[in-house]
Amino acid sequence: MPEPVLEIESLSKSFGALKATDDVSLTLRGGEIHALIGPNGAGKSTLIKQITGELRPDSGSIRFQGRAIDILDAAGRARLGLARSFQVSSVIPDFTVRQNVMLAVAGASGHVFRVLRPAQSDAKLTAPADHHIAKAGLHERAQARAAELSHGERRKLEIAMALALKPRAFLLDEPMAGMGAEGGGQVTAMLSALKAEAPILLVEHDMDAVFALADRISVLVYGRIIASGSVDEIRRDPEVRRSYLGDDA
Amino acid sequence: MPVLLVAEQALNGLQYGMMLFLMAAGLTLVFGVMGLINLAHGSLYMVGAFACAWIAAATGWFWLGLLASLIAAAAAGALIEILVIRRLYSRDHLDQVLATFALILVFSEGTRWLFGSFPLYLSLPPALTGAVTLPGGLQYPLFRLVIILVGGAVAVGLWLMITRTRLGIRIRAGEADREMIAALGVDISRLYTIVFALGAALAGLAGALVGSIQSVQVGMGEPVLILAFVTVVIGGIGSIKGALIGALLVGMTDTLGKALLPGVLARFMDASSANTIGASLASMLIYILMAVVLILRPQGLFGARA
Amino acid sequence: MRQVFDREALINLAIFAALVVTAVVAHVAGQGFTVTLATKAAIFALAGVGLNLALGYGGMISFGHAAFFGIGGYVAGILASHAASGAPLVASFAGTTSMLAIWPVAMIASGIAALLIGALSLRTSGVYFIMVTLAFAQMIFYFAISWPRYGGEDGLSFYVRNTFPGLNTFAPIQYFAICATLLALALILTAIITQSRYGLALQAVRQNSQRSTAAGIRPYAIRLTAFVLSGMITGLAGALYADLNRFVSPSMLSWHMSGEIMVFVILGGVGRLCGPVAGAAIFILLEHLLGGVSEHWQALLGLMLLVIVLFAPGGLIGMLSGRKRHA
Amino acid sequence: APVKVGMITTLSGGGAGLGIDTRDGFMLALKQAGDAASEVELLVEDDQQKPDIAVQIADKMIQSDQVDLLTGIVWSNLAMAVVPAATAQGKFYLSTNAAPSALAGAGCDPKYFAVSYQNDNMHEAAGAYAKKAGIGKVFIMAPNYPAGQDSLTGFKRFYDGEITNEVYTQVGQTDYAAEIAQIRNSGADAVFFFLPGGMGIAFMKQYAESGVDIPLIGPAFSFSQDILPAAGDAALGVMNGANWSKDLDNPANATFVEGFETEYGRLPSLYAAQGYDTANLLLSAMSKADITDADAFRAALAEADFDSVRGKFSFGPNQHPIQDFYIREVVKEGDVLTNKIVEPVLTDHADAYAADCKM
Amino acid sequence: MSALLELDGITASYGAVQALFGVSLAVAEGQVVALMGRNGMGKTTTIRCISRLMPLTGGHLRFAGQNGAALGAPAMARLGIGLVPEGRRCFAPLTVAENLIAAARPGAWDMTRVCALFPRLGERMGQVSRTLSGGEQQMLAIGRALMTNPRLLVLDEATEGLAPVVRQEIWAGIRELKAQGLSILLVDKSLREIASVADHAVILERGESVWQGDVGALTPDLADRYLGV
């Protein structure tokens, strides 16, 4: 079995009386897509925020590539190669698509305090950016302002930015949301190619995609993991069917 | 220091706080709840004071002047909302800063043009003058007690309006997403005109009331503006309760600072430097208070997440 | 795309050239005071260029830049007055009248102030940031008013302008040349910074700091750096302004001053390279022209400003370049 | 030869009333002088009560307009910014009001004349009155800035009784409840306060409401004719030290007061009186010497050979006035509040700094 | 009888960029119409035009017998358009209850009924909507539109980001609303669900309506060509 890249141990986070995540443990191994599913409000996004460092857990610890990252801030974790996409698209609205991705390249490089060379003509930024834009299928829109993108196009930009971080692990919060059949298909293809580069923790409600992609699935309900296993195991699990899948599966 | 003096100073702090709240109440509505940066708030305060002074002098009737202050300020508020502010909601906060800065110039110079450069006379009606004796033998001006009451009443009224009425909820919804509230069928423009006029009327009322024990002159609104902003920000933007608590805190800090600091410093240095240094520190005190509050709680005491 | 960019660059050049030409023509025509006005415009523009870096590019709406302007001014005033009186300032150092020595000190002093104020204020954001910066500036203002050592409210005069090797700083046109050169340098520096990788990060942080963080960028450090730089440039402007008047007073530290610097930036165009230059120049021109029209010229000025905000969103440069500001 | 006069004064903003009176008083004198004033060319500019603007106007008047003489500044901080630089450039400066101590002592200058008073004088007069009236204990109060500190120093220079409290208020403060509470508890027999402009109005109104009835004393500034209508009855009975009053009994003053009322339809203030005197001083010097001969002109000014509305008037060695000071009381004449002279308190009074002036 | 909502050749632009080049569609009383197309084809833009959040540059828009192009957004909403916008757009600092109250207009739908439809909202009445989970926000957006008691419910990707069970509930809800006779215009990516509820479909391609007809007539061939299925 490949080495675990990301190990989460007993993460808990409460908002007042509400336990958004409750003693969650989870691993992400090299080369896999680990899907995290669960009803709305189960705590999936909250979990991702704790992993990326946007939220401080109340207790528990996180190891990434064998080292504890609990003391790192969000930017530090991103530079280590923890890339994330947002559930609600989050881009730099007045930047072009290309500038958005260049920003991610610059951020990943860790050298943001360079002032002498114009960014626009810095091949260290532009070349990788163009590459990732093409990969995400946005090359025709490279010069468009992000604010002018349609919803689906913006989702693609999120993925391009995640790619640009040269990640060692992807945390994708509903990358499929809002993609049409065609776009969704593209993303599915992209993700299955991507997992060779780095493992993916995938939060997604699109079960067709999850069942097609996931190597493992964990189910989070009311902040607790109630089941974890292969696609078939999860599909058959009566508790999961009742609380989440309904008669979809 | 004698007990009675301490009691009186504490009462003064409370009263000054309430006065600040009264001055800030209109701003709380417009700045705190609608999210509009209106530097011309002080000008509306001035409009109220001038309207009151003018009508009171012309008719000899203070209460008519007070009514006039409400009407004049509300009208001025509605007018600038319709002519200027309305075009700026969709713009940057910065355009609001520039436009309302321009309005200050127009209002101040316009008022001078109408009323001249000299301060106007406005004083309290006999019914409100004089001092009353409080339990414990403390003599206290009646008017200051009235300010405490009016401030409290305005606070409660505003709080009820904002949190309990549909109007209040819709205003806050409009502040969060103007387009969306319009798409739900609420005529947000008219709503904003009403709220702005209401905020202006409160500013005018404060101008008239406070002006009658301070001075009514061009430029009287500017120090008020800054103090009102400080008050609202300490309490937390969007919170009426915050504005009230902020005002009381500022009032107490300022009054007690002025009263006590020189005495405290005199233990460490000679009397005359204690007096001047104490006074300088006292004048910086509310800003220090604000900085400390915001550094510890970046969203103000009762503000929602920044 | 390219075309439009060039248009704004041309406008920038034209604005700066207009300022210089005004001063030179006035000098040739013997209109010493017009040169002084142009110098004042250049200095205010420099202060605005400083603020623009924080406000326009970094999205930090500072309502307290008068603090840095005033600190720069007081550094110049204090050094010069000590040099004049011979009273030692620290140890045996008795001030200086050399601008070349005064400027770095002014920039360091205002930079340190910006570091302290920025480090604390940047914990907040939005309107709260506006108000904390104002609070810090007010503290310094009240301190200056009541601190008798350097004149308090009365301010501090130093009668003769400080010196610059090889130039007669008292000649209006020569002093203008100094100020205009520094302004040009600051503009070039701003252009370089904003085009760079760091500039990209700064502007990204302004628009979406959550996203920038997820891209591995620390918004706090990026912002604080810009804030300090911004304070230093405005501080330099303060030192120049002190020398223009040979006088400093707490009015340089007042919130009106902060407001005015902000107005220059907004009037000219937020986040536009030459926005502050256009804004300061127009403001001073209006102030000067309208002052001759009526005693109530401030009302006219207010009306003019209103017209500009309402009908020229994006400031003067926004109107001229006919294009939304691009990040 | 013609004399070009540059008047820098405050015509807009909160303090505009004072500058307008200064200007109007000055112009009234020119007007009344008729042909004698035809040689005077007057330029007036608004300093907005901002020191930097004042400096720039001074630069303009000196560089572009080439005035011979400057005058008109109301505020000390503006005067400090303008006067030394102007005299250094060889221009005369005649002060219609502000006369900070820095320019009266070591910083005096042959081209600088204070036609008004020295800043401390009014406070000294109040102090002298308190002493003369045998007031045992005084509470003193002023804003915390140099003029305020000078004011309390000036008062104490002539008052030798007990000071119960020495309180510095905030500049621009509008609420005085805390200070009034201290006054109530001070056990003082009188309160001396210096609170110019709106601050004074606010204090007096609040004091009148407070039920405290310790008598008030102040310098003339807070009770000048521009302030009184706004303060209203709250100012009644306050004693204030002054170098001029509209009821001073001399022919020049009668002409002035009557002329001012006819011309402008309001009562003149102290600032108007000082502006008027300054113009007359200038005219008197012009009739004796040519301004191009600076030494002669200076000598002519120093003679002070004009009919002052203050009666006796001469210059001391530091070119600051030697004049009488009075205590006035705020009274009501019909419906109008104004001042009435009670008694003179200092005669032929100069200032405390003259000895430091090496000229 | 004329349709409740009728669009005829409408065009619209974002600044200088034209986004709609002629969209025509009609929704009859009680009908459910699906608006379909790939990403960026103009579905949301069409909806923004209908809700009067964007000016038309050409074409005709009629709703409930009135010329919609002449109305502002609030007037249009009061005529009976209930919008569930793309991206939810709940009023972030307001609580769930306040979000609902802000929209409320008298009629059959009230808080009780909305909570019956989405019990989760009932549990979270006092929570600030900013902190709701994605799915909860979506429910709130639908509930809020219902509170206006619309004649035409307009749903822009209303099931996006919802758990399968909830999505099924929402589709069931939509079918229920349809059964009650409410007219609905909806945008969604799920062909299967659309087929189960919509009567009629309109397909957009590059800002133009290129196909419309019965949902049943939407062949796999057409779906492949226009929707990339």
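A, B, C, D and E are the chain letters, set down in written order, and residue numbers restart from 1 in every chain.
One rule holds for everything that comes next: a residue touches a chain if its C-beta (ideal position, glycine included) is under 8 Å from a C-beta of that chain, and two chains touch if they have at least 3 such contacts.
Predicted, not measured: the structure shown is a model, and the values here were computed from it.
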Study note, to complete from the structure: For chain A and chain C, the touch-path distance in steps comes out at 1
Exercise for review: In contact with chain A and with chain B at once: which chains are those? Just list them.
Suggested key: C, E
Check your understanding: With chain centres set to the mean of the C-alpha atoms, which chain is at the far end from chain C?
Key -> E
Practice item. Find the chain most remote from chain B, comparing centres computed as mean CA coordinates. Key: A
Study note, to complete from the structure: Whole-angstrom distance, CA centroid of chain C to CA centroid of chain D, is 36
Practice item. Averaged over CA atoms, how far is the centre of chain C from the centre of chain E? Could you give it in whole Å? Key: 50
Review point. Per the centroid of Cα atoms for each chain, what is the distance between chain B and chain C, given in Å?
Key: 31
Review point. Between chain B and chain E, what is the separation of their C-alpha centroids in Å?
Key: 44
Revision key, fill the gap. Among all residues of chain E, those touching at least two other chains are none
Practice item. Identify all positions of chain B at which a residue touches two or more other chains, and write them in rising order. Key: 108-109, 112, 276, 279-280, 283
Study note, to complete from the structure: Among all residues of chain C, those touching at least two other chains are 142, 145-146, 148, 296-298
Revision key, fill the gap. Inter-chain touches occur between A-C, A-E, B-C, B-D, B-E, C-D
Check your understanding: Residues of chain D touching chain B in their complex?
Key -> 12-14, 16-17, 20, 144, 149, 166-172, 174-175, 177-179, 181-182, 184-185, 197-199, 201-202, 205-206, 209-212, 226-227, 229-234
Exercise for review: Spell out the residues on chain A that touch chain C in their complex, using ranges where they run on.
Suggested key: 52, 54, 73-75, 78-79, 83-84, 86, 90-95, 99, 102-104, 106-108, 110-120, 122, 125, 143, 161, 164-165
**Study point:** chain A contact footprint on chain C (complex, rising order)
**Key:** 1, 192-193, 195-201, 203-204, 207-208, 210-219, 222, 225, 325-327
Review point. So in the complex, which bits of chain B are touching chain C?
Key: 31, 35, 37, 39, 84, 87-88, 91-95, 97-99, 101-110, 112-113, 226, 229-230, 233, 237, 276-277, 279-280, 283-284, 287-288, 290-291, 294-295, 298-300, 303, 306
**Study point:** Residue ranges of chain C touching chain D (in the complex, touch as defined)
**Key:** 31-34, 36-37, 40, 142, 145-146, 148, 151-155, 157, 159-160, 172, 241, 245-247, 249, 251-252, 291, 295-298
